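Two complexes, one shared chain (chain A), two partners (chain B, chain C).
Our next item is the complex of A and B:
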């Protein structure tokens, strides 16, 4: 493992350098206790100890709205639109890196999503060790507490003025040293980073799954036909889709288009959609394959708990806790749902 | 930035003929501008674009052709894209992507008897399989076709059905749910045709396509006849938006109807709570 030690005053210089080549996004407080990734500028205060960004980072690789093609209605021709700005996400927590790794696999499977791939290739990810744990998070229970790939650099703050920076890619190392040579990390500094990780892990034990996460697919599958349970859980669901929107692993989209005023040219774009919205599984003629909120609610937990697992071998939930915060009816909580199912049938699995 | 390749870019095709099948359903014959055959297999679907309006998935209704770049879809006027299609005139263009999805495994049916059960617009994709078999008639055993429609006014491909009904190598049975004065045939849902047929369950395979409500009843009738589940094929309708297994709209439990379907052997979906 190659690692360096970077001191806080160096960071500003590097940020200036990096921002000349790509757009840099950093976590910052946007409201009392609310954090978001914002475009870096000299006067922005970076929240090194943020607990959770309200929205997920998928927007950087799968924007809420993204053009796919442009078309000419007179000539009836169309061409691909693939936009991929160079960007750096500086300060990404491991659960969000895991979510992005998952999107990478899902978007590359069967056929490569060229729009996603282009954006992802132009996105540099600098991970950041957490200091605080969001009260809704349970990433320690779903194996999203650490990642071994998906970042170019991984930063751990080991003292108020210093970071232990682990190299994840040649691109990352190059960026770190572009302002001149940097100090190789010592064994003691590596140990300090390890202790920092253990410290946050200890905090994270408060909220977790009561069972080994790998049992989740089996659990939810056995509970699929328990309509009483799903109906009860979803009875106040407003089908607003907030959980979908903030989820770092939800990537469903709709495809729409618009033409210009002269009906000559137009654009076709995709736009985030959500399986919790009422019309999501509707077909021509109005038949809806998941017409009730409880069916859509169940689908979401099945997807996170089983369907993604069947494809990738890991849970589709990274335990970030965003849906718990965003849910308008206060009923989205994968940790509670999966724990309840576990308590109900733990003797059967 | 314009790029070389994206699976979202449609290819142009031109409308060469248009035929009204009933008040709401029209058959469209398109020619690919590339001059190349569509190269679909029976049961597959394509994404059809009317620029400025949108894109929607349709089953190809014509059988595959290697010698010709024409293909047909039959469309019910029901939403924005389908209405825009109905407004097209011969010579107008559309965009297409695909063909996508699974298809009927024709090789498996060689030498077999075959039972088609088509409800309503389900006849449109069935037609692709049926006419493939009729073109290669000597490769298959008995072919029995059951067609059900809500009422006589909604029947489609009536001329073609009348034509093929005359063949002595094809057994055609038709019914309507609700009759009117013009209707002299069977009245009742499609399962009322089952008592009229006799098949050898050892050698018969089934393809059934129809409205969502129909499947479980037809499968039940097939089981009563002794046809094993692994010889019952269905094609399921979902709204595929991307056709590439990404957008999530066509998901049935954990599978994507656009990639794993739309054609399924019943055994593939028997355990899926959201399939039928």
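Our next item is the complex of A and C:
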């Protein structure tokens, strides 16, 4: 492992260098207790100790709305539209990196999603070790507490003025030395980074799964037919899709088209969709495969707890806790639901 | 329908703000108008013809004499479009439906109240069949343009059937409930791009109740966030007044 030590005063110089070539996004406080990734400028205050950024980072690689094709309705011709601005996400927490790694696998499998891939290739990711744990987060229980790939650099703040920076890619290392030579990290600094990780891990033990996450697929599968449970839980579901839309691993989209005002050209675009919305599983002829809110509600937990696992061998949930927060009915907490199921059937033979 | 459909605009009880939104399309209007013939639109031209294929109707039905007029429009038009909240859901005109008739007559017309005939406000669909609805108070001009283009391409525009929450999430807004505010976005039909929330306000529900709105849940959620049902009802009645589920 190659690692360097970067001192706080060096960071500003590096940010200036980086922002000449790409758009840099950093975490910052946007409202009391709410953090977001915003475009870096000289006067922005970086929240190095943010607990969770309010919206998920998937918007940088899978925007809420994105053009895919432009077409000519007179000539019957069409061409691909691929937009991929060069960007750097500086300060991404491991659970969000894990989510992006998962998206990579899903979007690249079978037929590659070219729009996603282009954006992803132009996105540099600098990870950041957490200091605080959001009160809705439970990433420590779903194996999202650390990542070994998916970042170009991984930063750990080891003292008020210094960072221990692990190299994840050649691109990352190159960017680190852009503003002059940097110091190789010492063994003591590496140890400081390790202690910093252990410290946040200790904080994260408060909210976690009560069982080994790998049992989840089997658990939810056994509970699939427990209609009473799902109906009761979904009673106050508004079918608003908020839990889907804030989720860093939810990637479903709808495809729509719109003609221009002269009715000559048009565009085909995609837009975020969510399996909790009533029209999600509705097909031509009006049939809806999941017409009741409780069926959709169950589907989401099956998707996160089993279906993604069946594809990739990991849960479709990274425990960021955004859905817990976004749900006004307070019923979208995967940790709570999976723990409840575990408590109900752990003693079954 | 002819290659260049003839389009007419009508208004009942309303402020004509939706037609103003159409006029606000400005130069875009010229492109759109190249596919149609506008035969009646008093906000932008003086000509008034009685032969038309598509009728855009703004405003609510609030008087007995409105009924034969809207029925006649319905008979002449191949496609009748309800334009704006007053026409599509009854809108704020329905506030009076919760007040004693003598009281609102006296409030609005004073001692001349008996000169006017009026009854409970209702949307167009309560009287005639409506083919297409463009919601909002006022309507979103981009959505109007889109709906017109879809009509010209032989389709009926279907507004979103999901709540405003979806568009708030797409815009990256902080949920108003997290800020301790009462917001009707959780049960209101989207399509506006969550414009009011994005601009710092809350959702007022002008696009009407979601087809599948879970009102029991909404009431419970508002209550848990510190808003009694009575308080919430004042907000809900502002636009959802005609809805029987309130």
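Throughout what follows, the second predicted complex is superposed on the first by the 348 of 349 C-alpha atoms of A that agree within 3 Å, B and C clash if a C-alpha of one lies under 4 Å from a C-alpha of the other, contacts with A are read in each partner's own complex, and residues count from 1 in each chain.
Just so it is clear, a contact is a pair of C-beta atoms (placed from the backbone, for glycine too) under 8 Å apart; a residue touches a chain by one contact, two chains touch by 3 or more.
Small disclaimer: the values here were computed from a predicted structure and weren't measured.
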- Which partner does A:252 reach: the first (chain B), the second (chain C), both, or neither? first
- Check whether A:65 is in contact with chain B, with chain C, with both or with neither, and answer first, second, both or neither. second
- Check whether A:235 is in contact with chain B, with chain C, with both or with neither, and answer first, second, both or neither. second
- Touching A:310 in the superposition: chain B (first), chain C (second), both, neither? first
- Query: With the two structures laid over each other on chain A, which partner does A:183 touch: chain B (first), chain C (second), both, or neither?
  - Reply: neither
- Task: Return the chain, chain B or chain C, that is in touch with more residues of chain A.
- Result: B
- Regarding the shared-chain residue A:263, is it in contact with chain B (first), chain C (second), both, or neither? both
- Item | Touching partner for A:277 - first (chain B), second (chain C), both, neither | second
- Which chain A residues are contacted by chain C in one complex and by chain B in the other? 258-259, 263
- Message: Going by the contact rule set out above, which residues of chain C touch chain A in the complex?
- Response: 28, 31-32, 34-35, 145-146, 149, 152-153, 161-163, 165-166, 169-172, 174-175, 177-179, 186-187, 211-214, 216-218, 220-221, 224-225
- Touching residues on chain A, where the partner in the complex is chain C: 30-31, 34, 36, 54-55, 59, 64-65, 235-242, 245-246, 258-263, 271-272, 274, 277-279, 293, 325-326, 328-330
- Per the touch rule, the chain A residues reaching chain B in their complex are 68-69, 71-73, 76-84, 106-107, 109-111, 113-115, 118, 224-225, 251-259, 263, 266, 268, 270, 273, 275, 280-285, 287, 289-290, 295, 299, 302-303, 306-307, 310-311
- In their complex, what parts of chain B are in touch with chain A? 1-10, 12, 49, 51-56, 76, 78-79, 82, 93-95, 211-212, 237-239, 241-242, 244-249, 251-254, 259, 273-274
